[in-house]
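Here's the structure, in C-alpha cells; my notes come after.
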Amino acid sequence: MASTSPPLPNARPSPRDLLREQLATVLPHALVTLPDDLPDLIRTADVVVHADALPEVVQFVIDHLGYGLLSDLAAVDYVEHGLFELVYRFYSIGGGGDLVIKVRVPRDQPDVPSLMAILPAAMLHEREAYDLFGIRFIGHPNLRRIYMWDEFEGFPMRKDFPKQGDNYIGEGA
Amino acid sequence: MYDVVDFILNTQLGLNSPDWVVMLISHLIVVAILFAIAPVQVLFLTYYERRAIARMQDRVGPNRVGYEGLLQPIADGVKMFTKEDIVPVSADQRVHLLAPIVTAAPVMYMFAVLPWGPNMIAVDLPTGLLFFFAISSISTVGLLMAGWASNNKFALLGAMRAVAQVVSYEIPALLSLLFAVMLTGSMSLMAIVEAQSGLFISTTDVPNIPDLGLGWFVFTPVGFLAFVCFFIAALAEGERTPFDIPEADSEIVAGYMTEYSGMKFALFYLAQYILNFLLCAITATIFFGGWQGPGIAWLVSQSLSADNPAGNPVYNVLAGMLGTFYLLAKTYAFFFVMVALRGAFPRLRIDQLMNFGWKFLIPLTMINILSAALWIAITRWGTAQGFGIIEFAGEPSNLVRWLIAFAVTLVINVAAYWFLARLNIQDHVARQAALAAGGLAVSPPRSA
Amino acid sequence: MSNDTLTHSLTFTEAPAALTVVVDPTPQIARGSAVVVERRRPKAAGWSLLQGLGVVVDHWRKSFRKLDDTTQIAGTFTTEYPEERLPLPEAYRNMPILLFDDATGHELCTSCFQCQRICPPQVIHMTQAKDPDTGKPVPAVSEFIIEYDACMSCGFCAEVCPFDAIKMDHNFELSTADHSSLTVHKTDLLRPISYYQSIAPTFWAEAEASAYKKLETNKKRRPATIGIAPQMLAQLKAAHELRDDQQEATMPTTAVASAPAPATSSAAPPARSAALAASASDLPTDKAARLAAIRARNEAKAAVQAAPATASAAPAASDGGDLPTDKAARLAAIRARNEAKKAAEQAAAAEAAPTLATPDMPPTDVQPAASEQAAPPAPTVPDASLDEKAARLAAIRARNEAKKADEQTAAAGAAPTLATPDVPPTDVPPATSEQAAPPAPAVPDAPLDEKAARLAAIRARNAAKKAAQAEGE
Amino acid sequence: MITTDELQINIGPQHPSTHGVFRMLITVDGETVVNLEPVFGYLHRNHEQLAEVNTYLQNMPYTDRLDYFNSMANNHAYALAVEKLAGIEVPERAEYIRVLMVELTRILNHAGAVGFMINDMGAWQTPLAFGIREREKILDLFELVSGARMMCNYFRFGGVVRDLPDDFIPRLKKLMVAMPAYIDELERLLRENEILLARSEGIGILPREVAVSYGVTGPVLRGSGIAYDIRKAEPYSIYDRFDFDVPVGSVGDVYDRFLVRIEEMRQSRRILEQIIEQLPDASGGHINPKARQNVRPPVGDAYARIESPKGELGFYLVSDGSTKPYRYKVRAPSFINLTPLGDMCRGYKVADIVVILGSIDIVMGEVDR
C-alpha cells in the first residue's frame, strides 16, 4: 500500500514574496504600504493587508497559492502605537514554510471581518482573540468569551489591563 | 438438610417431631446460612475481582488491609456504611429510598432455588428455573425507580438503558435454557443437576455409563451453544463488561446509581454482585453440572436417605461439602472469566447491544432449540415416532444414537453460528466499504 | 454568514480549493513515505475476542513473578512504596537546599542574588549580611527564605549559582499538615556538603574544586564575615572548649555547661533542626533536649514544693539524657500528656490549669497558667530530629488533654495558655491571680519573632515562680 | 405517536472522560446527539500574560505545564522559537539529545492516548495500564537526565541542561527491546477486537477536506488521510537525517486515528534506533550553555513549530529588545483540534462522543492555557 516519492527540489520562491507580488497585481487595494519611518517594534517585512480586504486575500491565498491550513492567529497589542496586529499564519499541506498575513487595526475600533465563512478553522482562534484582546470579528456566528467567564469585564491580554488587583473580589484594580 | 435434621431430631434424640417441625427447622437453618453467606460472598467477590484484574494489568491490587488485603472489602464496607446518606433535594424521596431495597431484595430470593449439593436446596420448586428468572426481573423495577427518583439526567439515561438491556436479554437467556428443560423434562434445578451425572454423556441419554458426575450438558453441541448464548446474556443481565452500559462510567458517570451514596449505594452494589454470583452459579448449575463432580455419586450412595436407611449421616455432610465445593469452584471459575472479560474488552454501545441481542443471539437460541428437539428425537425416539430410520443397521446402541445426535446438532449449530455471524458482520462491512468508497479514499502521495 | 456555518459539518460541500491548486497536496516526504495504515478484520467471528482474552489471562499468569528487567512487559512491576523505594537518580530535583562546609561550618552562599533573580515563581528571598562594625554589606547571607509551598522545582537556582551553594535536595517526603512550616528559613535549609555528596556524588565531584576554591577566596578576602551554619555553632564551640580543657570528663556535661542556653542567650539557635542534617546537628539537639528537661524538672520541683495541693509532681524527662534524642522527646511528650491528664482530673476539684509546651518550641517556653494554684509545668520537648512525627502527635494529644482541662476549669475562671506545635506564642500575658487570663494567641510567623518568644518564655517562667511562691505562703 | 423532547446534558466539567475540566453541552434526542458545544476555560490561567512578565528563560518551566504529558516537546518548541528569535546555534549533539527526548515523549504520549481512548470506550483500564507501564519506563529515563519525571525543564537555549548520564543509553536500549513487544501485544489485544471495531469504525469521521479547513493537525489530520507531518513538511532540528514513514488513515474515523498512533510509536522507535546509532559520532560542543540565562533577542518576531505528539505546537514570540517577551503566543494543538468536535459528534450516540473526544487526545492544560 505504501508508495514513496523522491525528495522534491525546494525551488519555490519564498511565499511572502510570492504573495506580495501576486497581490500587487490581483488585489492591489488590499495591500497596505507601511511608511519607512515606523518604530522598530512595529516595522515588519511581512505582508500587511487592509482589514476589509482580509477575506478576499485569504480566499486568494487558499485558492491560488494553496495555503489552506490556517495554523495560527496571534493578536499583538502595540499599546504605544495604538494598534492591534493580527498575525494570520498559513501553511500548505504540501509542506514548506509559512505564509504570514498581517492585519493592523486601531485599538479604539478593533473590527476585523471574520474568516468563518471561508475557513472554519478560524472559529476558536477568533474567539480566543476576542476574549483576550477584545478584537471584534464581524460575522463570527458565535463570538463569545472562551476562557474568561461570560460576565468578565475587560480583556486580560491587553497591555493596559491592570496586572494587579481583582474587580471581582473587591480589590480595586 | 431435611434428612439431617430428621435424623438428629427423630432418630438420635428420639423426639418424634412432626414433619412440619423438621421442615421448618431445616428451612430456617438453610435461610440463615444463605443470608449469612450471601454478603460474605459479595465481599469476597469484590476482593477477588480487584486482585484478579490488577494482576491482569501487571499491578498488585489491594494488599494492605489484613493478610494480602483480605480485609479490604470489610474496610470498604465500613466506609460505605459510615458515609453520609445524601438525597438530592429534587429527588422523589420515597422512591429514592425504596429503589435500592426493591433492587436488592429479589436477588436474595434467588438463592432459594439454587442447589448447593445433593439434597441441599432451600426449596426444590418444580418451577425453579422460572422462579429464578422471574424474580430476577423484579430488580429491574428497582433500577427504573432509582433512575427516575434521582431526578438526574445521567441517572435517567442509565435507568432506561438498564431496563432496555435487561428486558431484552432475558429472552435469549431463557430461550437458551429451554434446552435443559426439554432434555430433563423438568424445571426443577435439582432435577437438571441430577440429570448431569455420568461421564461426558448424561446418564439420561445413555443410562449405562459410569457415573463420575461429569455428564455435563456443556459437552454436547446443543449445550455448548446454549452455554455461550446464556453466558453472554448473563453478562448483559448482570451488567458486566462488555455490556456494562447502564453504568458506563465514561459516558453517564454511574448511571442509575449516580445520586446514591453510602448504604444505599452499597445495596445496589450488593445486589449487583449477588446477581453476578448467582448468574455464574446458575451457569455452573445448568451447563457444568452444578454440584456434580467425581466422587459425589459414591458419597450419595453411602449416605442416609429414605431409600437407604442404613446410610451414615456423615456421608450426607461429606457429599454436601464436596458438592458445595464443586459448585463454588465452578462459580468462581466463571467469575474469573467475567473478570477477564472486564479486563480485556471495551464496552458496546446500547444500539449495538440491542442489535446483537435481537439479531444474533435470539435467532441463534431459536435454532438451538431446534437442535435440542432433534437431539431428543435422535437419542430417545424410536420407530413409533418415525425415527426407526436410525436403526437401519439393526439395533443401534444408545451410544451410537448419541454419537449421531452429536454430529447432527454440531453441524446445525456451527452452520447457524457461522451464518448469523456472517449476516451481522456483512452489515458492518457494507458500511465500511461505503466509507472507503465514499470519496474519502486517500490519495496516495503524489510523486513530483 | 449565519448560524449555518456552525452546522454545515460533514456536508461541507464547498471544500476549500486548497487541495487542488498550485501546490502538490502531499508534502515532500524525503527519507520515508506515507503509509496507509491497514484496517484489519478478524479472521473469524469471535476469534479476536478470544485472542484478547488470551492476552490478559497471560498477563495474569505471568504476574505472579516480580520483574525488574525493563526489557520485559509482563510481571508485576509495582514498587510498594513505603517499604520499597526506587533509587533516585543524581539529577533528581525536589526542593532547593543550601550547603555549608562540613569542617568549618562556613556557608557557601555569598548572597549574590542570582537565584532570587532567576526564580520563576519568585519564592527565594534573601537578606545580605552586614558587617556589624561598619554596617556595610558583606558577601554572606543573614537570612534566606524559600517558600517550599510555591516552589516549582525547576532547578534554575541550583543551575545559576556560581558558588555551588544552592542545590536540589532529594527528599520528597515533605507533606505536612502545617502550611506555615513550608516557608523554610536558612537554618533549616542548610545541609552539610557531605550530605549533598552522598546524594549526588558525581555532580559534586564536578563542582567540588571550583566551589572550594571560591569559598577559600571568599574566606581570605573577608575572614570574619562568612556565615557559619548555626548547626555548627554549638559543635564548633564545644570542640573549642574541649581543646581548651582536655581534662573535662565527658562531652555531654561540657556541652550542657557550655551550650548556649536557648532561652537566655541571644546567640542561641532555635532547637529545630532539619531532619537530614542529623550528622551535624544531633549533638546540639540532644543537648538542648537535656537542658530543657533539666530546666523543666527544676521548675516542676519548685512548683511541687510550693504547691503540695497538686499532688502530681512533674518528673520531667530527667533520665532522657541517656536516651536518644527522639526517644527522649517522645517520652517527654508522653509524660507531658500524662501530667496534663492528671492535672485535668484534678482541675475539676483544684481548678488548676495545666500548661503545656510543645515539641517545636524553644525549650524554655514554659507558661504556667494564672490560677490560684500553680499547676505543674509540663516538661518541654525539644525538636526530635528523627521522630518528629511521634513527638508531635503526642504533643497534639497533650494539647487535647489540656483543652479538656481547660473546659473543666473554665468555671473557675482559670485560663490556661496553650501553645501550638511549631509556634512559640509570642505573647504570654503576665499571670494574674484570681483573674482569667486570655489564652495566648499563637502567631503564625512566630519564628521570625524569636526574641518576643523568648521574652514571653521568661515572663511565663517568672510568673510560674511567683505563683509557686504565692502558693507556698 | 409518542411525542419526544430533546434533552440537554452537561458532560463535564467534572466528568470521568472529559480529560480534565472540560465541558460539553450536548443536546440529545434519546441517545443521539443533536448538538454539541464545547465550553472551555476551567483551567485558564492566562499563561501568555504570565509569560510576558517573565524572562525568556523563566518561561521554560512554565511550558512544561502546558501539555503536561509532553513537557519535552513543549520545551523543544519554545527553545526553537527563542533560538530563532535570538539567532542561537545549537550543537549537533544537543540536537540529537533533543530529538531523542521528543521521540520518547511521542511514544509515551501515544501509549497514554491510546489507553485513555480505549478507557473511554469502557475498557477497564487494561490498555491504559499497559501504556502507563511503558510510560513509566520512559519517565524513569527522563528523571535520569532531567531530574523530574513530568516537569522536565530540560531544554535550554542553545542546548540542554546536561549531557546524557553514562547509563542512559544502556537503559534506553533495554527499553527498545520492550517497546515492540508492547506494541505487538496491544495490537493483539485490540487491533482486530470486534468490540473495538464496532465502537470505532465509522465513528467521528473527519473527511480530509474538512480536516484541512478546520485546521486540525497531528494524528487527527493524518488519520483523515493527509500525510502532513511537520517533521517531513518543514524539517526542523535534525529530522531530515532520519528515515521514517508517515502513517496516514484512509477513512478518517476513530479507528484510523487509533491505528495512526500505534504506527507512529513504531516509527518513533525507528528514529530512536537511528539516534542511538548516530549519537556517538555527533560533534559535542558546549551543549549546556550556562551563559544564556539572560537572552536579549533583537526586536522582531519569530514563530517556531514542532510536530508535537498531539499536532502542531507553535510558539509565536515578539521581542521588543528586552529580556522579556513582548508577546508570547502558544499555538496549542489540543485546542485547535477541538474546533471540529461539534461537527464530528453530531448524529452519533452519547457513548460515541467520549470516544471521539478521546481520539482527538486533548490535555486541558494546553487547551485552556
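Residue numbering begins at 1 within each chain, and the chains themselves are lettered A, B, C and D in the order written.
Just so we're on the same page, contacts are C-beta pairs under 8 Å (C-beta built on N, C-alpha and C of every residue); 3 or more make two chains touch, one makes a residue touch a chain.
Since the structure is predicted, the reported quantities are computational estimates derived from the model, not experimental observations.
A centroid comparison over C-alpha atoms places A as the chain most distant from chain B.
By the count of C-beta pairs in contact, the leading chain pair is C-D. Remark: chain B and chain D have CA centroids separated by 45 Å (rounded to whole angstrom). Chain centres here are Cα averages; for chain A and chain C they lie 51 Å apart. Centroids built from CA atoms put chain C at 58 Å from chain B.
As a whole-number value, the distance joining the C-alpha centres of chain A and chain D reads 24 Å. The multi-chain contact residues of chain A, meaning those touching 2 or more other chains, are 2-5, 8, 68-69, 93-96, 119-120. For chain B, residues that reach two or more other chains under the stated contact definition are 56-59, 343-345, 432, 442-446, 448.
Annotation for chain C: residues touching 2 or more other chains are 6, 8, 12, 16, 18-19, 24-36, 38-39, 41, 45-46, 49, 52, 55-56, 77.
Remark: chain B residues 53, 56-59, 153-154, 157, 241-242, 244-245, 248-253, 342-352, 428, 431-432, 435-436, 439-443, 445 touch chain D in the complex.
Chain D meets chain A in the complex at residues 40-41, 44, 46, 48-49, 53, 212-217, 226, 228, 232-234, 245, 299, 301, 303, 305, 312, 314, 316, 318, 320-321, 326-327, 329, 331, 335-336, 338-340, 368-369. Contact residues of chain D toward chain C in the complex are 54, 57-62, 126, 130, 133-134, 136-137, 140, 143-148, 151, 153, 161-162, 165, 171, 174-175, 177-178, 181-182, 185, 188-195, 197, 201, 205, 207-210, 212-213, 225-229, 232-233, 235, 240-251, 255-256, 259-260, 262-263, 290, 293, 342-343, 346.
Against chain D, the residues of chain A that register as touching in their complex are 2, 40-41, 44, 68-72, 74, 76-77, 87, 89, 91, 93-98, 119-125, 128, 132, 145-149, 156-157, 163.
Residues 7, 9, 15-17, 31, 118-126, 129-130, 133, 189, 193, 195-199, 201-202, 205, 207-208, 225, 227, 248-253, 349-352, 354 of chain D are the ones that touch chain B when the two sit in their complex.
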